[in-house]
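Structure first, then comments.
Going in written order, the chains are labelled A, B, C and D, and every chain counts its residues from 1.
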Amino acid sequence: MQYQAPDSFDAAVTLLNAEQGMARVLAGGTDVLVQLRAGTVEPDLIVDIKRIPGVHDITAEDGGWRIGAAVSGVELNAHADLCADWPGVAEAHDLIGSTQVQGRATLTGNLCTASPAADSVPAMVAAGATARVQGSNGTRDVAVEAVGTGPFKVSLAQGEVITSIFLPARGANGGDAYLRFIPRTEMDIAVVGAAVSLTLDGDKVASARVSLGAVAPTVLLVEGAANAIIGTSLDDAAMDKLAATASAACNPISDKRGTVEFRTKIAGVLAKRAAKIAYDRAKG
Amino acid sequence: MSQKHKIEVALWGGLKPFADGNDKVEVEAATTGQMLAAVIKKHPALEDHIEAGVSVAVNGRVIASSLTEPIPEGAEVVIIPQLKGG
Amino acid sequence: MIHVTTTINGDETEFVCDPRETLLDVLRDRLSLTGAKEGCGTGDCGACSVTVDGTVVCSCLVLGAEAEGKEIGTVEGIATGEDLHPIQQKFLDHAALQCGICTPGILVATKALLEKHPDPTETQVRYWLAGNLCRCTGYDKIIRAVMDAAKDMRSAA
Amino acid sequence: MAFDEAKKDFNLIGTRPARPDGIDKVTGRAQFGADKAAPGQLHAAILRSPHAHARIKSIDTSAAEKAKGVKGIVTRADFATGLKGEMWNKLENVMAGEKALYDGHAIAAVAATSALAAKDALKLIKVDFEVLDHVTNVDESMKDGAPVIREGAAGPSTPEGMHPNVVGFYSSGHGDVDAGFADADLVIEDTFTTEATHQGYIEPHACLAQMGKDGKGEVWCCTQGHFNVAKVCGHLLGTEASQIRVTASEIGGGFGGKTEVFIEPVALALAKKTNRPVKLVMSRSEVFRASGPTASASMDIKIGMKKDGTMTAGRGVFRLQGGAFPGAPGTFTAMCAFAPYALENVSQEAYDVMTNRPKQAAYRAPGSPMAAFAVESVVDELCNQLGLDPIEVRLKNASREGSKASFGINWPRIGLVECLEAAKAHPHYSTAIPENGGRGVSCGFWFNHGGETAVSLALAEDGTVSLSVGTPDIGGSRASMCMMAAEELGIKYDDIRTTIADTATLGYNEISHGSRVTYASGLATIEAARDTIKKLCKRAAAKWGIDEDAVYWEDGFAKPSGPNAGEFEPMSLAKIASKMGATGGPIVGHYEATPEGAGVSFAVHIVDAEVDKETGSTSVGRYTVIQDAGKAIHPSYVEGQFQGGAAQGIGWALNEEYIYGEDGRLQNAGFLDYRIPVASDLPMIDTVIVEVPNPGHPYGVRGVGETSICPPLAAIANAVSNAAGVRMKSLPMSPPRILKALDEA
């Protein structure tokens, strides 16, 4: 295995394109090193992007935030303005792993691992985040929900690399939240994750995005669930409909972390609880 | 070494079939080792079980493995499975 | 093999390693700094905790090659000469270790905690240390030692 | 050695000095199993079966042998032949023979110049497996037609006509249980299950071995019993234990799991083959797949109770799954189940059952926690249905001195009643149960153990003492040994250095198991100190020219025993030691015995838990441990044992389990999905040390390490069941299980 730490994304893309065998991009490394250790992935090339200028930066852009590909959880959560705009995204990222993992783990890495249970992804999907992708044909912006195509599979082409994530402008009267269910209080992979981002017009929900994790081969954006609460002030009937549509959207598996029945039911429970938090946040 | 004396030895239920259906065996002995040897002599089918390891309770005190512990006259003697731990 | 120049506990250090070796492998096998322990190798137990440029990380989730130009801190660097750091002393005073295998990682993580949050609540301490597994103590005496160390360090500051 | 009634005023016993190994452990200097290196050492790795059950048709190591850095490969052919019984089983587990018996079973091992090279070489070993049907569940394994793990493995007690996977049977009891049930106002009968769990020690098994042409071996390893390692390695390598010197490293947790031997014989075989030191360290996934988890259990319990709370009869049937070898602790499960209760009518039977899983190993009071879970759940349900207070009912039926135990003995002095009284009086028990919460109470019992023990205590000329014990320190025992030696000798705690001696330095010592160390090595330390004192008194007597019987020892000084003995200035230990070379030579006290007075220990736990009924999630609120320690030598480490046992029990009750897939492979071989409690999962754990002296120890010590894990499974299950309003009968009570139980209720 070769290790390279290029000083630009152009160089990174060149390295990735030149590799005949398997290549892996190293951002925080909290997934890649586990895969290396277990022998589930045996790359010929590791491209460490952390020495590329700007990858640790969070910059204001069009009222939103551009987050460098190597920004760690610690760095993200230290950014007070971003956290104030998108508390759900910040919390979702903060839930990944331990204090130690937070010192390394990145939004970009979480997205590229493409685990259906990735904590930050539903929050980013609900937020309407996009990923900036660079390849040999230049750069493009992709909706976060379009990156993962199946468990541990992404839509990126050979040689493509995500250089940053963009969180759009929060705007007025908005709030987001992410909740996950785990058996312990920390250190687990989400059995179910639910994120809600919404804006209010007075007491009523004006717009909403609801996203679910760990209940399908990819993180889901559930339009029906959003529609269930748009135009309401989260009355009981709306909440029940939200839970029902969220549960109905689930297509989970039974595994060591949870059963189909459990995941389906909990998706509804968490969607409701996350909606309530997002609503309260939007209220200010 | 004190004189051998009569001892009534209680067996656990699972040993009954190997002691001709008895759950008590009467032997003459002064120590745990003598007692176990005498029990085997009386019921040879118990040998495998006793050799596989047993402990002996004498008046409630569990003798895990020693064969030289004295058994006082009139003592309550119970053979139990061998004890160890984690 | 890769040649790396780094700083460990304040000392400039050079090593060569296979690109697949982790920082933990390097510390233990190449530099004989065996204070960081491998409990899992997958970032789940925290026994290998070190700081990289002041941020606490699992050294099993860092490649040795990534240490180039970084400042690494390990348990071996916590005491000053023969003087124990207050958190080390509190761990002894509170009998906060039984087998001691998790202790180096917990001390590294605690030191980072108290540098960032000198007055943590019990809940904050418990969540900060959630990635440091201890199987002996039930955490009770560890949490008490950390809280007590924080108190002493505040009054000394 | 009997309890010394006269010894009441202690100087050191009961205080809390810092542990002697503490500074090494907080500075990173302490050397654990994987921390030692030898010049020229090789690194080894083990190839393991991916199949739960498969015939090994052939192993081709030729490509691996040619790989870069590879210096040697061993398979079963490199170990002893002709072993029988227990040692054959151990070898079969250490390195598979004709069949791989579980996912993770060792097939071959490679030694190479680096750990990466060894791991890479494993991929080049070709094994031709014929995959066989497998079984991993205890009840399935007993059924007709279940795959046979091995014919002829059954022990002498196994009833005829059972499936060959049933390899052990135990039954006992007294009275007439059917009459007892007929006499009851309420009888509850139910079936309970527990899953296999792992001790979860944070330090994986690790060793460094050398063995030359002369057949003399050296092993450094983390183990609870290095003398046992020498014995097992001797047998498995076809030599004698005496040829292998084993040094115990610092040990990063054991809890029973490091009483077994897994990798040391493999490292020795590779060292022998390569003539190089070989280091072998398990990965975490290897620890889960191929060390010794607990047994899992399936249990039928029936208990009758009168309206006033009197238990009229109890019956238990226990089926214990022990992996691919005999040895599941069903006997202990059955013996412990009803131990807290003085029942006129009781019967219990247990089956030990083999499956295609790793061989179970001891885990803190092996077999007892699951028994307590089943029995104490039924007792709790009886109390609920009859409207009775759970502690009053337990007090009413409690075993006490002179009452007949469920397994046939008459109890000596025991402390269950004292524990229950302390629980009743504890503020926790009188506080209101939180809204949406439930409270659980449970008793627990473990026997404790003595075992072969040898201790040596040598004086230095400066008046300090070097104490050598042979029981690895798994929980702070060196502090306790220093305290007991210092107490007897009347010198300072800091003037004693306790070392875990290697196997060539001290007489045989049984494993640090059975909660025996503070009891047995402690007793031996006290006796060795007393032996030393005799020798010190003799030197003083010679100096003074009086009879040695006229000298006694007090607070660190030899003193003439009265006016008749003469007037002499008391002589300190340091003074006598400073001249010992010229007054008869070195002074060394020692003691060797198999102490047979280990006192049993009972505990009572109280816990409050809340259940989120929408998600099935449980949070543990307040937790209190009350346990009889006999006499707490170092209360902090006694409390530590109580707290640690409770925490492990909480994990077992709520989230920990071995999960096998349809393919017979372990699904969760890592700390990510084998979920031991993390700091944020637990509350502070309050402790009450009850001291009912053990008549078999001079200070009254009872073992404490194991009993602490007996009550929590049941206590949590009772709290959760009371909070959820539905009886939980299967552990772990993971959220999906609780939610399912709520849905079905």
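What we mean here is this: a residue touches a chain if its C-beta (ideal position, glycine included) is under 8 Å from a C-beta of that chain, and two chains touch if they have at least 3 such contacts.
These numbers were taken from a predicted model, which means no experiment stands behind them.
*Asks:* Tell me, please, which two chains come out on top when C-beta pairs in contact are counted per chain pair.
*Replies:* So the chains sharing the most C-beta contacts are C-D.
*Asks:* When the centre of a chain is set as the mean of its C-alpha atoms, what distance in Å lies between subunit B and subunit C?
*Replies:* The computed centroid separation for subunit B versus subunit C comes out at 55 Å.
*Asks:* Measuring from the mean C-alpha position of subunit A to the mean C-alpha position of subunit C, what distance in angstrom results?
*Replies:* 29
*Asks:* Whole-Å distance, subunit A centre to subunit B centre, using C-alpha means?
*Replies:* Centre-to-centre distance between subunit A and subunit B: 68 Å.
*Asks:* For subunit D, which residues are shared contacts with two or more other chains?
*Replies:* In subunit D, the residues touching two or more other chains are 199, 255, 283, 671-672, 677-678, 680.
*Asks:* Residue numbers in subunit A touching 2 or more other chains?
*Replies:* 37-38, 185-187
*Asks:* If two chains touch, include that pair; go through all of them.
*Replies:* All chain pairs meeting the touch criterion are A-C, A-D, B-D, C-D.
*Asks:* Under the touch definition given earlier, write down the residues of subunit D that touch subunit C in their complex.
*Replies:* That would be residues 16, 18-19, 21-23, 25-32, 34-35, 37, 114-116, 199-204, 250-255, 281, 283-284, 474-476, 634, 636-637, 639-640, 643-644, 646-648, 670-672, 676-680, 682, 684-685 of subunit D.
*Asks:* Taking the complex as given, what residues does subunit A use to touch subunit D?
*Replies:* Where subunit A meets subunit D, its residues are 37-39, 181, 183-189, 191, 255-259, 261-262, 265-266, 269.
*Asks:* Give the list of subunit A residues in touch with subunit C in this complex.
*Replies:* Counting only subunit A, the residues touching subunit C are 1-3, 5, 26, 29-30, 33-34, 36-38, 46, 48, 50, 72, 74, 97-101, 103-104, 185-187.
*Asks:* Tell me, which parts of subunit B touch subunit D in their complex?
*Replies:* Answer in residue numbers: 10, 12-15, 18, 48-49, 52, 57, 59-66, 69, 76, 78, 80-81, 83-86.
*Asks:* Going by the contact rule at the top, pick out the subunit C residues touching subunit D in the complex.
*Replies:* Of all residues in subunit C, those touching subunit D are 18, 20-21, 25, 28-29, 32-42, 44-45, 47, 74-76, 78-79, 84, 88, 91-95, 97-104, 107, 123, 125-127, 129-144.
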